[in-house]
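In what follows, structures are represented as structure tokens.
One chain, chain A, appears in both complexes that follow, with chain B as partner in the first and chain C in the second.
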Partner chain A sequence: MEARGAKWRWGLLDVVVVVFALVPVLWIMSLSFKTTATLTDGHFIPREWTLENYKTIFQTDQFVRALVNSIGIALISTLIAVVLGTMAAYAIARLDFPGKGALVGVSLLIAMFPQVSLVSPLFDIERRLGLFDTWPGLILPYITFALPLTIYTLSAFFKQIPWDLEKAAKMDGATQGEAFRKVIAPLAAPGVFTTAILAFIFCWNDFLFAISLTSTERSRTVPVALSFFTGDSQFEDPTGSISAAAVVITIPIILFVLFFQRRIVSGLTSGAVKG
Partner chain B sequence: MAEIVLDKVGKQYPDGTVAVSDVDLEIADGEFVILVGPSGCGKSTLLNMIAGLEDISSGELRIGGDRMNEKAPRDRDIAMVFQSYALYPNMTVRENMAFPLRLAKLDKATIDEKVGEAAKVLELTELLDRKPANLSGGQRQRVAMGRAIVRSPKAFLMDEPLSNLDAKLRVQMRTVVSRLQKRLGTTTVYVTHDQTEAMTLGDRVVVLRAGVVQQVGDPQTLYDHPNNLFVAGFIGSPAMNFLSAQASDGVLRTALGDVPIGERLRGMLERGEAPQEMILGIRPEHFEDAALVDEAARGKGKEFEAPVELVESMGSDKYVYLTVEGERASSAELEELAADSGATDLPAGGANLVTRLSAESRVREGGPYKVWFNLEKIHLFDPSDGRNITLHEGRAAGVS
Partner chain C sequence: MSAPTTAAAKHRAEEKPLSKAEKARLSEGKRAERRLGWLLCAPAAIVMLGVAGYPILYSVWLSLQRYDLKFPDDREFVGLSNYVTVLSNQYWWTAFGVTMLITVVTVVVELVLGMALAVIMHRTLVGRGIVRTAALIPYGIVTVVAAFSWRYAWTPGTGYLANLFSDSAPLTERASSLAIIMLAEIWKTTPFMALLLMAGLALVPEDLLKAAAMDGATAWQRFTKVMLPVMKPAILVALLFRTLDAFRVFDNIYVLTAGANETSSVSMLAYNNLIKGLNLGIGSTMSVLIFLTVAIIAFVFVKLFGTAAPGSSDEGRR
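Presenting the complex of A and B:
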């Protein structure tokens, strides 16, 4: 009886949390389907449905260009961070080399460093180097901040993989590279995908670096472009278009997670060794 | 198939610890050699050095006549079975066994044929399409063996392959391993800390202690003629009994009474080749119920009386635990053996004697009982370095 009561209480709590988290999202969706005239009528379900907002944002070059920038920059940063992070994490998990503690410590330090304090120096550095307002100008800081994350998550994953498997592969005639590619990498895949998702979300959502280190459509990402949305005249409210754009940019994240989710669940290391 | 030669092979870690020192060992083609010793004795390190998973710091390793020190594991053509089995969890049993063949770039038909054959030998045919996660411990162990035998390597290395199985399965798998090795005739080096496995499986047994080879020989020789206290105490279950003994007035004073000293031993004592204080060792089966010893045998041994602490009847014979007066023998070797078997916490005071008597014995717990022991089977050890004093030309000669 008591267990049932507890179940209800927990269920209720869950519902509250989910509602709290989802209402703003639904509200944005609702706004994105409203016409300019009914935007502020206070109804949750739009009285007049329209796709006008979506049409508008895709007609403006500004948004499409930003979307391309965002996808490109986030994908490239994620890829590089995950590849570098995988190698670093593997070394940390497997080898005992001088300065290992320092390396781990420094990467932790980077993760904890307030990004805001880096913005002005980065701005100056990138202007000097000609990286300001370019893709590499955003990719580099993204990799810097995504790397500690990837190294941390991945080294935890690699530590779980029994070392005997690698030795066995070597005894079976594999080179170091083959042992890693054919035995270790497939087992680390769930970890790699999890890390990739986290890194991608971090790069995709970043606003601080994107607004500080860009100045034109050349490399401006979506979160920044959104803030530059204006109506056709100063009397026109861009709320509808901003909402539509906000909805659009959550789609890649959802796709990304859905695509990799299956891989995260499958292929755990059970059965490798006597457990 | 090939012979394996270890020529003064040693392993020293950068921090100075010596794991293995100057091991000389020639393993003949097709021989089954066991490396045995307590944990931390360097047996696994030695095996990993043969495998190429650990560097050799000194000496030379030759397989089939070729120097192997610098060769990568993949170029040594030897297979290894790991204690943890180390199956690839993302592959099926078939893929696991085919893995070494695929790396050797064999064509698909040959791979299928070889995997099929190995699976048949190990009764794995039904399980070929399962993943390791869906196998029992014994099945996983067999897959690990299968992965080793498919490519017919020059030698097998086995690192405690049975230690993760339960007792009954272990005995079963022991015969499987033994039969498989006889059938394939492949040189095998097998590491274990279980002296029963060592005794039953190997053509020859190498006893290691702290990285130093103590004795190499066939199991019976190790059992009957141990080189030193360590081998004597390690081989045999229940272990040999050790008591302190003092030589004085031409006899050995022990807790079992005075033991006469023979010609050879007296000579050694006079020449100072043997110390006055010694450790006497005698195996449980060299005791017998005094009432059951016939006249002819009686003269070869000696009788004594001691209180019976415990009787374990095994059906075929009886293990009788006796309490005897006097000091317990002590030496570095014995302490190490006790630590390894976890016997350090036993209460002190008085020595405990394990004896194996015939099943017909009418021994009862509690009261004193008359027990006979065979003087010809006694070993005497030097407590300072553990060497077997009774050993003469490689054979133990009792107190004669």
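Presenting the complex of A and C:
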């Protein structure tokens, strides 16, 4: 009986969360299905449904190219940032070496500086190095600005892991590899995957760097491509197609989160701290 | 810098009774540890300094010059006079107040909501995957698009929210504009907070909670006495990075009001001067001032949390 009551309570809370999170999203979806004529009628549910907006965005090569660029750039940047961040965070949390404080300070400094003012010097450098309007030209800044959060989250996280368990496992006869795989990796996984999700979303959503450091379809990402959308004629509002594109580009995020959120569970299951 | 010195002193004190050979071995191990530490941090440090080092120094350098691209010949080193200009400007302080207000309100609300959301995402029994994913979607949506949809929703005649409340135009008045900006910010970034806090929750040992419950601790006591201490580092990171971001709020204001009716944030002022006004000197000065403000806030947070902060002295280590 207790359990059933709890289930209902959690269920109710879940509904509240989902509604809070999704109503504005449904509004964007609704806009994307509206016809040009009914776009501004103010109804939450479209009176006339149409797929025209979706057809429009997939008609041109532009959007599909941008989608490919976005996925590639965001995945590569996330992967590199998480790997480099994990290494640095492990050292910060576990090892004693001079310069540790400086590294943490520098990474925080980079996270704090207003990015608006970094764009034009970066533009100059990339022009000179030939990185302008290429994938690496975006991947490098993304790694740089994702790293501080990665290092911070992961080192805070690694600090809380009871590393003695590793020793205990080895004493119980586990090899170094087994101790890492069976004991430490499951404990570290929630932090690593949380960071991966945040880094991916940061790269995926960035507009500032993407608009300043790209100029053609070669490396233009989706948020920038969106800003170049126009209606069928110069005087037509592109809101419908922008909404449709917004819906489409949210799908990879959903897949990414769905895939990785499973890993964010309690690593310390029963038995771990029992004497 | 005092922490490493005392640690070293402690080491020396411990080493005293050891034989010479053992001492050599110890420092050998110590050196290996250092080398490993540097090796592991080097790639991250090189990338960060390589990409961001020069641009940051360059904008600090620009902030000390009179440099307006509209009058490129007037370029001149002027010391701190740009700072005097900005700091004695009334628009700057209005924007500063607005930014502070938005930062404080949104971060506090987000911390409370984010914590609740994290607990729900962590504990829920039904449809965990769906709840977690749904809760994170707002953060995943491109900010500019989300802001547009809010603007649309609040515009009289075209939006469901404006029609729902009254037929006034909330985005044309200062108080209601600020409220809407904050609502949009909170809706968008609470999931960020919640996700980081949830990762912290995953570190709380289940057995400890069960043991506390068996000892008669109430749910609130379990939360404050068992969960919060373990989550402290996660809370620090979430608060810190959220505050840094909140203070640099830009996209939402840009789309929702474009800074009309005195709703500009400091980042918008910097943007207007740098990109629109092409006044690199003044714009860079504002950037540096924003940076300094954020640095002070960060410093206070790190001090408040003490050893829970990454890179602090070894007491936090287990």
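By definition in this document, the second predicted complex is superposed on the first by the 222 of 275 C-alpha atoms of A that agree within 3 Å, B and C clash if a C-alpha of one lies under 4 Å from a C-alpha of the other, contacts with A are read in each partner's own complex, and residues count from 1 in each chain.
Here, a contact is a pair of C-beta atoms (placed from the backbone, for glycine too) under 8 Å apart; a residue touches a chain by one contact, two chains touch by 3 or more.
In this text, all values refer to a predicted model and were calculated from it rather than measured experimentally.
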item: Partner chain in contact with A:T175 - chain B first, chain C second, else both or neither; value: first
item: Touched partner set for A:G11, first chain B, second chain C, both or neither; value: second
item: First, second, both or neither for A:M87, with chain B first and chain C second; value: second
item: Which superposed partner A:P186 touches (first chain B, second chain C, both, neither); value: first
item: Which of chain B and chain C A:Q160 touches, first, second, both or neither; value: second
item: Partner with the higher number of touched chain A residues, chain C or chain B; value: C
item: Chain C-contacting residues of chain A that also contact chain B; value: 162, 164, 187, 267-270, 272-274
item: Contact set on chain C toward chain A in their complex; value: 1, 3-4, 7, 30, 33-34, 36-38, 40-41, 43-45, 47-49, 51-52, 54-56, 58-59, 117, 120-121, 123-127, 129-146, 148-150, 152-153, 157-160, 162-163, 187, 191-192, 195-196, 198-208, 230, 233-234, 236-237, 240-241, 244, 248, 250-251, 267, 270-271, 274-275, 280, 283-284, 287, 290-291, 294-295, 298, 308, 310-311, 314, 316-318
item: Chain A residues within the chain C interface of the complex; value: 6-7, 10-11, 13-14, 17-18, 20-22, 24-25, 27-28, 31, 39-44, 84-85, 87-101, 103-118, 120-122, 125, 140-141, 143-145, 147-149, 151-153, 155-157, 159-164, 187, 190-191, 194, 197-198, 201, 204-205, 207, 222-223, 226-227, 239, 242-243, 246, 249-250, 253-254, 257-258, 261-262, 264-270, 272-274
item: Residues of chain B defined as touching chain A within the complex; value: 51-53, 72-74, 78-80, 82-90, 99-100, 103-104, 131-135, 137, 140, 147, 151, 164
item: Parts of chain A lying in touch with chain B, wherever the complex brings them together; value: 162, 164-165, 167-175, 178, 182-183, 186-187, 267-274
